[in-house]
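See the structures that follow.
Next come two complexes, and both contain subunit A; in the first it sits with subunit B, in the second with subunit C.
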Partner chain A sequence: MDRVRTAARRYADVLPRGVPVWGYLVGAVVAVGWVRVASTTWVFLGAAACILAIACMGLTILVGWGGEVSLAQASLVGTSTYITGYALRHDGLHWAFLPAAALGAVTVIALSALISLPTARLSGMYVMVLTLGLQVTLERTLFTNARFAGGVESVYTGRPRLFGLGLDSDRAYYFLPFLVLVGVIIGLRLFRHSRHGRALMMVGRDRRAAAAMGISPLRYKLLAFMIAGVLAGLAGALTTPLYRSPPTSLAFISVQSLFYLAVPVTAGFGSLLGVVVVAFVFTMTPHALESAVRISPLLLGGAGLMLGTYVGPGGFGGVLLDRVRAGREAVLLAADRPDHRPAANVDLDVRDPLSSTVGAGGQRP
Partner chain B sequence: MTTTTNKMLAGNDALQWTEGQLGALEVLEAALPEQVRSGVVLQASDLSRAFGGLRALSGVSLTIEAARTTGLIGPNGAGKSTFFDVLTGFTAPDTGSVTAFDHDVTKWAPWKRAEIGMARTFQANHIATELTVEENLLIGGHLRLSGGLARNALRVGRAYRDEAAARATAAAVARLLDMDTVLDVRAGALDFGAQRRIEIGRALLGPARLLLLDEPTAGVDAVEAARLLGLIKQLQVDLGLAVLIIEHHVRSVLRMCDAIYVLERGELIFSGVPDEVRANERVRAAYLGDTSAI
Partner chain C sequence: MALGLEFHSDILAPAIINGLATASLYGVLGVSLVLVYRINRSVAFVQGGMATVGGFLYWFLTKDPLASQFATKGWPKVPAIGVVVIVGAVLGALYGSVVSNRMASYPRVTVTTFGLGAALFVVGLTGTIWQGVFETGIPGPFTGQVRIGSQQVSYHQLFSLGVLLVVCAALTVVMKATRAGIYVRAIADDSEAAEIVGIRVSAVGTAVWAVAGGLGALAGALIVPLAVLYETALIFVLMRALAAAVLGGFESFALAVAGAVVFGMVESSVGGGVFGTVNAGVREVILMGALLVGVVVINRKRLVSTVGGE
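What follows is the complex of A and B.
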């Protein structure tokens, strides 16, 4: 029991504050239970939303935490999808799922590392152009190669068995991306509150200050690209069995990278759960409204980019979180104790005529 | 432990820590690396730097002694911040060298200089406003922590122990800065003066042996400025730190510093103890004006 308590204390900050235990239980029951009652179409879309959320969390880290930008995320997800598919197929390498997925992910991580090296000395617009260049290059090479993308003939990859469990049905397969998503969220929360997560956050906000604290901005810039690559690789590897045959390359073209970016922009870069919610909304809304009106997910993405940008870096999730935090902070600020301040009755005479008139350099609000 | 509750400062003004703050001071002192108690900790020699046709620095030399507060003053555009940037590696000098703690650091990156104990603050606030006070302080403690991604994320072994120790030190620093009740508040929710204190605290959380403070009171009112400067001097004395401070509150600089350097238009026009600076005609003409009020 003591061990449980110790572990609970050690990892307490991984969970969002202010949510009661029953809240997590209800969330878990809903996240798992809805699969039992929903139609397979919805379950399929749920799995697709989980995969979208995983890919978009890579952009949350890269853009929101690391202060970088990438317009290549869709191409990285596509690369992993096609490489994993090729490794799985009978007419390909015919590997088992896990090594095939690892190959897809490793390929994408290598590409991310490659693209991150020149970005070490670039910023802003140039990184955007560079990543867009990677996106277009992959579109015009790997994605047009019939061996990987299937060309006009569809290629069957099927769904894997993992640890003796068959994942062939949509209901069964949903749990694979769902559990990976849960693992990714927990992993990112742990990372965010670690030494390296804080360093990445600081680099994303103020590179000079980070450098002054002994943090190499270059190192953490590379790390941000690598994490985005890992998540794109995971998302791609999970996409292949979802569709049973690789989706058309239209699913991974340039405009899709903007769509991927729209998810964290809408959700806000401060909320991983917000990314999940927006990924589900963007994936399921077109189907939910199908009988009344046809909406392209890309339209939702475009609207999300505009509205999310309008709301600010925090996105809609940030607006909500700000309200929650502001209430808690108001209580803490009210409890602040000015009487405990050190007596600083030294030196500076508030009437000092020099204090505000001579050589007043620097910032003065 | 060199602390007393009534440490006498240069101006014979006593600062008093509360009992809790004295305990926090002990925690911080134990966490800091061994301080250099005597000799020279930093030597800048003949530093020059030009931006296009503008000579921002011209053959400036400066010595920072251990366990002393050294002031750097000069009017706007004198080159003080450029000099700071050269000392801390953010700007490369055209000529000259910088030696710190017996290392020639002239070509070192800023983060490498931080590793040997050079901790700096900036003229404008450079904190992460959407992170909490504690997180901002812990960022300063980055170099105290060990371990790679996995160990830190999973919080196992030494990485976890280091993190716990860094959090305890951050809490101690927050206590000294009178911010222990707002550790969990986002820095952006605090007033400007509190944000300045966070930046100073963050510098202390590193393996600080030399604090380089670029106008720590810029943008705060006179009362808060007095508190900040008092705090800085008290910490310098009690912890045995070496401090180089750029400050425009001239009266305070003259009283809190052990040595002062005066820059004008990128050139060092005078250096000496405060009384010498106060008496020097060139300094008075260039910067102080009528010193009868000082």
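What follows is the complex of A and C.
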């Protein structure tokens, strides 16, 4: 019975604390229902935002929890996109969607392992340099290969049928990346509260202290790279059917890796939902402003990345969340409730370890 | 993708000359990366943005407005280079004032990530202002060619090489024989101790960033006559400059130049057909391999002992 209770408590941790049941219901209705009323362009962008969020959550693990910065995420997503597309197409391997997606993901995981092994003992800046090297190498090799990327002639990939359900329309296809995103969030929240998740965060916060406690920094660094690879692979596999034809390699070049990095840094590493929000904002804002002014999404990404690192450990989103929490605590204190205690917020547990990596407010003068 | 075992000695000499010229382009940017690393021990990815600004600004100032869909200026090229350097220096100083003041005590990885954001912002800004620019054949400040051995070398390539040598020599002298150089070295060793003995760390840091910004913008202006100019083109060149700086251990200007020469020659020899026909993909893998060896083998012991614990 105790084991059941423990398991139930663990799964309850998946949900953010302090949110009422009706909040979840409204959230679910909005997340699913907006697809009914929005135009197909916005729904398409919504699916793209979900995929971006999945890829960026890999960086949340790697950068935020593991304390390493990778500049190769876009190339990994692109690799998975092109490999999955090649495996799906009639002139390629002509596999079903799920095995094709698995092939794309496995290839990317292998690449992640390949780059993480030689960099395992190097400092963060050199990991950046080498991952940028991997990015450029993939750009110049795989992405220029017409068999995978399509070259000047576009190749048709199409959208899959899954479990008897057709996903050909934009509205139907939106639910595939959306459900994968929900699954990823649940999985990552469970991982964060697991023994391995806490060990990873310990390694990200202080490698030497982690080693002193018997945690292998090398092992958990590799694990972080692998998880980032899995999520990049998933994102790439979902990108292939989204566009029906492989997108140009410009979608996966070096600056796109910086753009990917901008999303979790802007959102702050304490909130997975924040990553989703920023991914949606970054994807949809240029389109929303298009009639007034055409701005490059890279501009938003750059501003987000600068602000995210400048303001402190929680990123731009973290500052907003801190303000909200401070406001709530002020209200509680004003009410002078006798049973008042500071909220045991799991997000704060995550934020602190990052003060030694991307976030730096804890060491501000 | 197969590598042949050919060796064409007849084109080795031209490839070496061409490699030297190419190296000068990577070298100017590489030297600026070393300069910044010496003041705050972070990799200045922002220099990719500075080079982008320099490249676009040089094109904007010099392109004949009658031959462009944009409202370009059509200025003479040498004054335009001067303006590019000044703008780069001002932007570098602005950036430096931020990272040398409020962010001075931030971890190096954070400052490096901030630089990535700045580079991305600048690239996005140029892409927003000059949307759809895709220019080839932008003339350099000096046109014409000279024959060296059996190889034609443009005056622009010689000018770039000259700039690199002058910059490298000047920075080496400044670092080793002037008070400013002593300040920079003191800050690099221990910024808190430097502040205690009266060195104005933020002012020196800002000045160094101004110099680096000017060099980054100059590198961009020198590169665009030999490359295609578009929104993200110069980030690729940054990768080569980074590799050169890495091979030089981020410490020595001369070693960074040597790293650039190695990369320039490898790229030129392999791409020029000295070892038979090698496609661009294999060339890239070879360069990536050289980078990997440079980082892992050459720097590993020193890095682990100096900055591995950050």
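Side notes on the structure shown:
In the analysis below, the second predicted complex is superposed on the first by the 311 of 365 C-alpha atoms of A that agree within 3 Å, B and C clash if a C-alpha of one lies under 4 Å from a C-alpha of the other, contacts with A are read in each partner's own complex, and residues count from 1 in each chain.
Here is the rule we use: contacts are C-beta pairs under 8 Å (C-beta built on N, C-alpha and C of every residue); 3 or more make two chains touch, one makes a residue touch a chain.
Every value quoted in this text rests on a predicted model; they were computed, and no experiment measured them.
When the two complexes are overlaid on their common chain A, residue A:198 makes contact with subunit B while staying clear of subunit C. Shared-chain residue A:305: touches subunit C; no touch with subunit B. Of the two partner chains, neither subunit B nor subunit C is touched by A:285.
When both complexes are overlaid on chain A, the residue A:208 reaches subunit B and subunit C alike.
Shared-chain residue A:270: touches subunit B; no touch with subunit C.
Once the two complexes are overlaid on the shared chain, A:333 sits against subunit B while remaining clear of subunit C. In the overlay built on the shared chain, the residue A:129 is in contact with subunit C alone; subunit B does not reach it. In the superposition on chain A, contact of A:245 is made with neither subunit B nor subunit C.
In the superposition on chain A, subunit A positions 208, 356, 358-360, 363-365 are in contact with subunit B in one complex as well as with subunit C in the other. By the touch criterion stated above, subunit B contacts subunit A in their complex at residues 9, 11, 13-18, 20-21, 73-78, 80-81, 88-90, 109-111, 114-115, 119-128, 130-131, 135, 138-140, 142-143, 145, 147, 149, 152-155, 159-160, 163, 176, 178, 181-182, 184-186, 189-190, 192, 202-203, 206, 214-215, 218-219, 222-223, 225-231, 233-234, 248-252, 255-256, 287-289, 293-294. For subunit A in complex with subunit B, the touching residues are 10-11, 187, 190-191, 194-199, 201-202, 205-206, 208-217, 223, 270, 314, 325-326, 328-329, 332-333, 335-338, 340-350, 352-356, 358-365.
Residue ranges of subunit C in contact with subunit A, taken from their complex: 42-43, 45, 98, 102-114, 116-125, 127-128, 131, 231-232, 235-236, 239, 242-243, 246, 280-281, 283-285, 287-288, 291-292, 295-296, 299-300, 303-304, 307-310. Those residues of subunit A whose C-beta lies close enough to touch subunit C in the complex are 67, 69, 71, 118-119, 121-126, 128-130, 132-134, 136-137, 140-141, 144-145, 207-208, 250, 253-255, 258-259, 261-262, 265, 294-310, 356-360, 363-365.
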